[in-house]
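Each of the next two complexes has subunit A plus one other chain: subunit B in the first, subunit C in the second.
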Partner chain A sequence: MTALDRIPRGARGVAILGIVVGLVGLELALPPLQVQAAAVPVVLGLAAAACAIWALTREERKLGIWALLVAVVATAFAIWVQGKSDTSTSLVVNSGLFAATLVYATPLAYGALGGIFCERAGVVNIGLEGMMLTGAFFGIWGTVWSGHWAIGLVVAMLAGALVALVHAVFSIHLRADQIVTGTAINFLAVGVTGYAFIDIYGSNGTPPSIDSVPSITLPGIESIPGIGGVFGSLNLMIWVVFVLLVVTHLLLFRTPIGLRIRSVGEHPRAADTVGIPVYRIRYACVMLSGVLAALGGAYLSVGFVGSFGQNMTVGRGFIALAAVIFGKWRPYGAFGACLLFGFASGLADRLQSVAGVSPNLLATLPYVLTLIALVGLVGRSRPPAADGQPYVKG
Partner chain B sequence: MRDRATAWLTAKSPAVLLPVGTTLLAFVIGGLVVALTGHNPGSAYRAIFNGTGLNYLLPWTSSEDKDFAALNLQQTLIITTPLMLTALAVALPYRCGMFNIGGQGQYVAGIVAAIVVGSHGAGLSKPVHLTLALAAAALAGAAWGGIAGAMKATVGAHEVISTIMLNWIAIYGAQYLFELNGPLQGPLPDVPQSDEITSSAKLPAVWGVLQPLHAGIFLALAALVVYYVLINRTVFGYEVRAVGYNADAAGYGGIPVARSYVATLAIGGAFAGLAGACDVLGWEFHIVTNDIAVSQIGFIGIAVALLGRNSAIGIALAALLFGGLQVGTSARALDPTVFPPQLAGNLAVIIQGLIILFIGAQLLLVYAWRARRRRGAEPPPVPRVDPTAA
Partner chain C sequence: MPDAPLLELRGITKRFGDLVANDGVDLEVAQGEVHALLGENGAGKSTLMNVLYGLTSPDAGEIRFDGKPLRLRSPRDAIDAGIGMVHQHFMLIPVMTVTENIVLAAEPREGPLLDYGKAHDIVRDLSDRYGLAVRPDERIESIGVAQQQRVEILKALYRSARLLVLDEPTAVLTPQETSELFTVIRSLREQGTSIIFITHKLNEVLEIADRITVLRRGKVMATVATTGTDERRLAELMVGRSVQRVEKGAAQPGEPLLSVRDLVVHDSRGLEAVRGASFDVRAGEIVGLAGVDGNGQSELVEAITGLVKPAAGTVVADGHDIGGHGARASFEAGVGHIPEDRQRRGLVLDFTLAENLNLRNVRRRPISRFGILDPRAIAERARRLLGEYDVRGGGPGTRARALSGGNQQKVVIAREMSGTQRILVASQPTRGLDVGAIEFVHKRLLAVRELGAAILLVSFELDEILALSDRILVMYEGRIVAEHGSDVSESVLGLEMMGGGSAAAV
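Let's turn to the complex of A and B:
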């Protein structure tokens, strides 16, 4: 296949063109260009919408709807920005927003990668939230106990694996309903971490200054305007999640192990027939998902906040689950969803302080988008065929 | 002798022994946690029991203790009321083969509707206003549950995922409505809470003075009866159960499967919406914005339904257990010199989690079954509803 063949043609190409045009219209309205004429984004938005409709009427449903969404959102945002002064816009949209996006997206990404492993192997994991919370607490506990963040992360991973082992034993060997078990994990995690937190640290909370995960400063990149503000100084765990993302994709889709994991999730009987150990792979994947989710929680406590509070994950595990579904059980797709949800959180912070937009309203965005994805408006999400079904040998 | 005992155990366990044994096991493990952290589990559990106010019913409680116990028992019953209703929100769809995790969202939807209707229309007579407020809450809950049902019926979206998403949309949405400068914020400009319910929309008190038990408990008990009759004595209930056992076979037999999905989730949502109305019209009378995300009534309803094995009587008893646990471990009811309430509140969550875990695996049943199989007998059929069966 030559490079030329890879350029999308026809309706698909037009839809992509529409998305690009819509984004250009948005970019023109934002600093540093900031074209102060509403006509420009409106014209470009209309062009994008036209592309979208052209594509929609020619059977390119998925990308067409995306183009339409981009056209509407970009145009509305560009018009809204028109009346604002130069400073207030740059307060909202700057490199800090993209750095905040990465900070918000990272715990979700850890959880989502864990969720992908678990569900790709055919075990539904509603307990991601509880596993993240467990990691958040035991990460802090290990760090305070040992005085070193790395040991804290190891303790968090062990605790996450242990909780995941409970989920695995009950849902694989005892064949309990995986949704019930996941719900139980969420209850148990809240209770156990809350009990241990009060029992160990009392009402004063965790110690004020603990060893936290360092940031990696890249001297060359830091000074570049724009990119430097985003990637110049990032927490080590953010870089790790980038690596894990690529490794997960390669492992799942480019190795024999990944093929086995997916076959166990799609058709365990067939996998068993050709000698793939279904139970062993499911156990490994569930525990790996506990380890990854716990790392996500530990990023919140040890990596970011530097303390623990009761039930501090407040639904992030469920957003990670939403990202898995929104990203169609694929690592890059789920990571894209995490970035989108992280961007919404970062934007919510800024819009509240600058424009008084309710952060609560923006907080519903991940869940609304996931509902839309479930209905199939922008490419219906389909889980692995054997997801949630216990496998009986024999 | 042992064989007969095991046979009896396996025959009776699904109905009675399983929930009772599971509860005991969870409390024993909870007691171990208490003992391991240097407290006396016996005195801790006794203090929690006294905190529930259930000692009011014991004949040897002295009359001055009874006054205090009555206050606690009123609280326990106030919490039991919405738990029965949110448990029904789980139980009815469960009989149709679906797992409704969305009780919390439907409960919140009911709260919002009850507040909107209950804080306006001050001129209305009490029966009219109260009925309107309750109906609005039930409708809001039904709509919130119905969305998930419609999504399942039309495009096959899994109800567990959609109801989880709807929970958080309801929670953040309600926080938005009642936050500072939110569209439904109450009269005080600096206080993030809703309007007050007018007196004409308040549920009448039936027992007590300070924070009395309200008439909502009769509503909840009536809902249990409605649930029992609906499931066991109507054509609709027969269809729902048929879909729950095998949706494909039911559909082949001419039962409208899609309608059963939408109807059970909508009616379940209506029960959860009524739970929200009971809390708001019965004793809270307004909602503080920060309390919306803290509330767990809908989530605990899942535990109640599972422990009550989706039967009306089971749900009533399980709701009393969890309502008591909630009040008995609260800071206002538990003697802090015996066991710190902060620990006790988390202990209650641990016990709830353990009960869900063990009930989900039918742990005792599996154990008895294995013990029997080791002696070479045929395994008894394990009755269970597979909630993921589409």
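Let's turn to the complex of A and C:
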């Protein structure tokens, strides 16, 4: 298969084009370009809508609806922005918002990738939250202990794998209810990290300045308007998640091992009868899931904040799990969900400074947006057929 | 027949607790032989094949393959040795394509990636070589069972199977598909593949097998050459006593009890599945409804038994109009229903037998008084019915799940035919049952007929239709396309079921 074949053709391609055109219309109206002519977003919006309708009439429902939605929302938003004074718009909508989107989305993306591996192999992992929290704590602990962030990340990954191993033993060999086991993992993680945190660092908390994951600055890109503000200087772990995203997709859908993992999640007995080691694959995937979730947690502590606070993941593991479902157990889909959530979080942060709305209300924005998208656009998603079911040999 | 056996099983014994599933089983299969393994449900066929496929390890005994001893720790070992298995319940992944299912766990690679182009070619080549037509890029969930079976066979051939085990391969096939399968089996045999053919259908064994091994209660009763044996002898070996084909006297039909007129029923997708069916079933007769699965039989049955509302037409049972009035109205008008899937629709598997037997009369005295169930009356009635219908393997307090298929079916029949039911709609009443249980069900249906009940028998098994029916209707694409007496030939019916024949709509 050549690279050319990968570009979607026909209705799909047109729908994607519609989405891109709609977004370009919006981007032109935003800082730093701030095109003021209303005709620009309107024309582009109409073009996007035309693409959407063309796709819709040719049986490309899902992407078509997306394109139509983007066309309407982006155009409306662009016109609204044009009517606003420069300062308040640029306070809310600037490249910082998109950078914040990535910052918020990254820990979720690590967790979601972990969740995908786990569930694709047929084990429900509601313990992602606990595994992230474990990673957050042990990442800090390892960094403080060794004085180097890389060691901290390795410690976090080991800790995540260990917690995941507990989940694996209970759900695979002991065939416990995976929801119950996962919930227990979450409580366990809160307790263990909370206790260790107080016991080791006392009431002062973690040391004020620790070695943290560096940001990677791309000199060429940094100076490009718009893009430079977003991608010019990003934390190393954000770049890593991009790589992991592509690798996970290729691994799951283009390699023999991916086919085997999916077969174990869909129909373990069928996998067993062709000689695939079901238990071994499930153990590997659950532990990988723990490693990835822990990295997501460590990104919060070592990568971003530079400290640990009790229960600092505050439900991000659950959002990551929602992103898995939202993205139909596919890496790119789940990442899209993480970006949406990250964008909404970033937007809520920024709106607080300009809008006269209660911050508590704004804090619900990410969840409301996610819900709307989930109900309105994703449609029915089908989990791997054997997800959550223990496999009994013989 | 070639000389040296490809497979030898010697003294295979496997126990599960107190139960001896295989008791010193010996079996030899020669190169290029079709060897039938015949036995009732629970005779130990599946256990033996699980041993042969490395899914369970025997407590004693030896497997020799190609003259060398073979130790099987997992299916992987069996596959590597050249043993392929087509399970009764297909081991295919519904959301994956035909190609993905075939190459799974033995994928052609291109660097670290799966070489989909090559995999596709492999499937094409195999498919052409063995005459097994499949569409490589179709998902399993969107193809029919006959094609799924071909995928399973290709899966084994791709792994260079020299011995192919087919577990009840014809259970899901129409007569035409069965004869296609037999053509494939013959061509495999010519190319030197050995085949173990597991079944409990005697006529198929005689048609396709070179030799037959009969298992009963875990022991080998005999291994016989196909030439020189007959159905009667095989049935005796299988059941351990002589089995008569059920004898039925001439019908003495009375007045029509069930009348269906111009019935139109939509299926779950809203398409017309029954397109204007009209017929009567009279007291004291069995009317057989023949047809290939999916020609509207299920929807017809659901409309008569009140499970779906017909789009048009009437259903009159014993003088009551029951079309579209729900399942209770149908039952109270005297219609009993043996559903085609007894485990999903006939029984609540996790309920006890007493509860299952009384599901239909929870509102009646003495089972309940003023809305309160009386456990003693429930158990009492259950005990009586279990005795009357000879249900074995449990008492009133046993969960339905624990019974064998035959005994589960007896429970369903007991519930549906006890009391004042005068009409019975029996859908696939013997599906998956063994010879002894089939005999029981058939006798029971005939006994009910003698008592003057009207019976509509829906079955994909033409043998069964021909053995029991007084009249036979053929259903094709939602219409009743032919009506015959009981003396019609199987080939005429087979043709009409496929939409052929000259019969005008009745």
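Structural remarks
Here, the second predicted complex is superposed on the first by the 287 of 394 C-alpha atoms of A that agree within 3 Å, B and C clash if a C-alpha of one lies under 4 Å from a C-alpha of the other, contacts with A are read in each partner's own complex, and residues count from 1 in each chain.
Here is the rule we go by: a contact is a pair of C-beta atoms (placed from the backbone, for glycine too) under 8 Å apart; a residue touches a chain by one contact, two chains touch by 3 or more.
This is a predicted model, so every value here is computed, not measured.
Residue contacts after overlaying the shared chain place A:262 against subunit C, while subunit B stays out of touching range. When the two complexes are overlaid on their common chain A, residue A:250 makes contact with subunit C while staying clear of subunit B. Of the two partner chains placed by superposition, A:304 touches none, neither subunit B nor subunit C. Legend: residue contacts after superposition of the two complexes on their common chain; A:314 is shown touching subunit B, with no touch to subunit C.
Comparing subunit C and subunit B on the residues of subunit A they touch gives the larger count to B. Shared-chain residue A:273: touches subunit C; no touch with subunit B.
By the touch criterion defined above, A:385 lies against subunit C but remains apart from subunit B after alignment on the C-alpha atoms of chain A.
In the three-chain superposition model, subunit A touches subunit B and subunit C at no common residue.
Contact residues on subunit B toward subunit A in their complex (touch as defined above): 33, 37, 99, 101, 151, 155, 157-158, 160-162, 164-166, 168-169, 172-173, 175-176, 179, 181-182, 293, 299, 302-303, 306, 340, 342-343, 345-354, 356-357, 359-363, 366, 386-388. Partner subunit A is touched in their complex by these residues of subunit C: 50, 53, 55-56, 74-76, 79, 85, 87, 91-96, 100, 104-107, 109, 112-114, 116-117, 155, 159.
Taken in their complex, subunit A has these residues touching subunit B: 124, 126, 166, 170, 174-181, 183-192, 194-195, 198-199, 203, 310, 314-315, 318, 321-322, 325, 356, 358, 360-361, 363-364, 367-368, 370-371, 374-376, 380, 383, 388-389. Remark: subunit A residues 1, 250, 254-256, 258-260, 262-263, 266-267, 269-276, 382, 385, 394 touch subunit C in the complex.
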